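Common to both upcoming complexes is chain A, partnered first by chain B, then by chain C.
Here is the complex of A and B:
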């Protein structure tokens, strides 16, 4: 069994000939370790032992693509699939906790997510394709930390926090401090993301989501915008979060929007000015998904559209 | 803001290699002993359905159920040249070769049957794989019974034909030729688009198509080609772009080099115009490549209708639209 697995994995083909001095496929395969622990405690212990040598595996939709045709470079895998509780969405009095293995499809279908975090819900529905949404997870999206990760701007707009565990204990990091660069975060090689914690938004909270991509499915975003606005009883803006993806090295919140809009009624805001502000404060680059100029132009317009959408919803 | 527009384009496409190239196809049809009929052709079916089409053609000529046929395809040991599956030529070239081979075989069926029935061929009929005298249709021979009789005489119920139409190279001075291509396919499409002036994204809502194809041998197959070709053309109009910086292709895979997905595809209405105006089998003409051509100009025209900007370079990406709209606004001031 072992032998045949090795053979079928060897793409060079080794039929016939003398291979005494050659590379042996067996070495190749024993080099890569695979763990699928059944508890978080066990998982962090394994991780501690191997440090940065292990890749932590959730849905695999990013990792297996990144290492396509060079999986041998990965020294080992820590698969989270057998750990209980990581696939749950739990509602508490003041917050919802989402397990890192919750898939995009589950976020898309969950009534709780739909009710409390519609922006996150719609962003999940815009990820890739049905196949990718069925496999891909919220934890994977966060840890991959692509500037274009579709769930990241919504998580930022809802003030999410991430619980990281290691053998030394756990810490809770706010989303705003988590991402440090393109595909870089503050998570250490001995830590696992075990929970995504989002405060319940409360009444009179409205959201708007916009993903701009060059086609309608299977597309890496050119730009995303998650706008979440909380009003008080007097219809005054209590809080407003304008968060964007794919326009900077990390997902970003444009905090100046908060400064300018807080304490005002939405109809008293100058939407064009806020759109302009967003366009100015982002730091996009030119790439195959859009030029920097295009991203600034579009950021302005979708910000204006999002404000109009929320003004309309709030007026109902 | 979303702006709607509508645009039309008409194309013509001369198919086959043409221009004097010795383009031809050879095929054979034979009554086998096992109740089957064998077609041999080297025509490659790459998913376009040429094997379905030639089976229908042979079944039509021989008046027999298509299920009777099997095909040896593209075997250099067992088939003769059919030319490439390219230039939109297989239905026309191999279709004709198979039709002529089937007609040759039918003539042999009549000939040998007339000996058996002691009759002339106008008094004979064929139907459902049987040959009989019109005045006594119950007293028939199946093709396979006849084949056995013929075999005893040392002969075979076998037809082979080559379809080898002439074309002429263009005059180097004038570019004119007596017959540049074997025939021309025409397609007119009307595209309806919606341009989002905030993001530059173009949605193709609907494409109405009229395809002059002579004869649709398999209408469902033709519609499939037309829909697939239209979506491919739409990809060329709006998405397909190789991005090269300093000699390096930045999008060498389908993650970055985009073609439309099912969600991007418009509703496509097809009208098949059957004039039977060509020398193809039953008047059929090739439809493969022509179906990809009209979409891009029709969409470009529709975008012009929507936002008043002409584009002279494909693909018409969201960036180009936003840039053009900004220019337009500037010039209007």
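Here is the complex of A and C:
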């Protein structure tokens, strides 16, 4: 009874007609809690107390879409907005730490992100629309864990780690171990993502980013590629990360690319072969954003383009 | 049931509201403050009809919880007009026939205003990017872009070029 009331309150209230009859603000209040603690310590204590009943809230641009028409299911929010430090980008000697509440717009505008992680910077600029980028956060993108999350392949390509805190302490999890399936991660219901830690890439690191979707703006990616290549002084490839989104249940790195390319000069690589390798190793599905066959074809081509782009940049 | 006390400045006026934890900014503006210029299209951040300016940034008011906004400033389309004078953008939309059915117009205006507040002389690409989160189902994008360009101080000259006789 209450549930259906909440539903009509949410939706029909604004769909025209005499909404006074069907809009009941009290519908929004049914059995819901709201916490906005002022420290991380307090936050994890509240979370521990309520367990899975609270939704941890950052920008809300994913949660309010996911729970659209079933907001009544949300038993309460734990809003992170008052916790100091979660909106900062801090540069250390060997790493950058990004707070989970940093928005896509902030990632796009940050000079540090532009300089050190251009692939992440460009991916952030490709998220949703200005309205979404102004509100949506890096932490939200990670925790939502959509296979198509635009920041995830870049984070993987830069070897990011995630700091998770709970009342029992903290742990740091590498991005490669964090995602377990579509919208699934290893984070427990009593943990909060408190930092995104990315090692500084060092000199002679080049990156390429590609997002393919049915239109330019406001589109869930059909496929994304983040390629990051590190060279030594002799222009030999020290390390290479080819990471893709929307082509598997989680963002994936094609590790065979590393094996084939490390220790070689980029001009000695066979780009078509590496493109073919990427196309073979992904495990895409057919869905409304593209068929598996299409995704394999596109993966091959964008991998070749990315290698060409990096070869050009490295030659400068 | 828990209410959250929120101090909010909307179109220059201060409000102290007690809102529920699940109340969206869109509902607060439309239902409580009767600012029905804010339109609800999709409700899931796809169409931009509900765009307002929150602390200087364009946002979808359907994806913002009012409970999060204590101390914030919101501007809606109703806040663009000053003492009976339309915002130059509003006048430009009229002059350039940038309004067809009109449903997307308030959101388009707010996205455009947010852009011009930060960047008074955007180029065409910057304008397109600023309104990429706003759908116009009448597909009147051309006129909308021209209207914004005219306020950005670029459209007039380009428009005039079109009629100039060029012997080469």
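The rule we apply is simple: the second predicted complex is superposed on the first by the 287 of 316 C-alpha atoms of A that agree within 3 Å, B and C clash if a C-alpha of one lies under 4 Å from a C-alpha of the other, contacts with A are read in each partner's own complex, and residues count from 1 in each chain.
We take it that a residue touches a chain if its C-beta (ideal position, glycine included) is under 8 Å from a C-beta of that chain, and two chains touch if they have at least 3 such contacts.
Here the structure is a predicted model, which means the values were calculated and not measured.
Contacts of A:155 after superposition: neither chain B nor chain C is touched.
Residue by residue along chain A, chain B and chain C are tallied for touches, and C comes out ahead. Legend: residue contacts after superposition of the two complexes on their common chain; A:294 is shown touching chain B, with no touch to chain C. When the shared chain is aligned, chain B comes close enough to touch A:305, but chain C does not. Look at A:71: by the touch rule set out above, it reaches chain C but stays clear of chain B. In the overlay built on the shared chain, the residue A:214 is in contact with chain B alone; chain C does not reach it. Of the two partner chains placed by the overlay, only chain B lies in contact with A:222; chain C stays clear of it.
Applying the stated touch rule to the two superposed structures, the overlap between the chain B and chain C interfaces on chain A comprises residues 129, 216-218. Put simply, chain B touches chain A in their complex at residues 198-201, 239, 243, 250-251, 255-256, 258, 260-264, 317-319, 322-323, 326. Chain C makes touch with chain A in their complex at residues 1-4, 19-24, 26-27, 30-32, 40, 43-46, 48, 51, 54, 57-60, 62-65, 67-68, 111, 114, 129-130, 132-134.
Remark: chain A residues 129, 212, 214-220, 222, 287-288, 290-291, 293-294, 297-298, 301-302, 305 touch chain B in the complex.
Those residues of chain A lying in contact with chain C across their complex are 10-11, 13-15, 19, 23, 25-26, 28-34, 36, 57, 59-61, 64-65, 68, 71, 74, 76-77, 79, 81, 105, 128-132, 134-135, 216-218.
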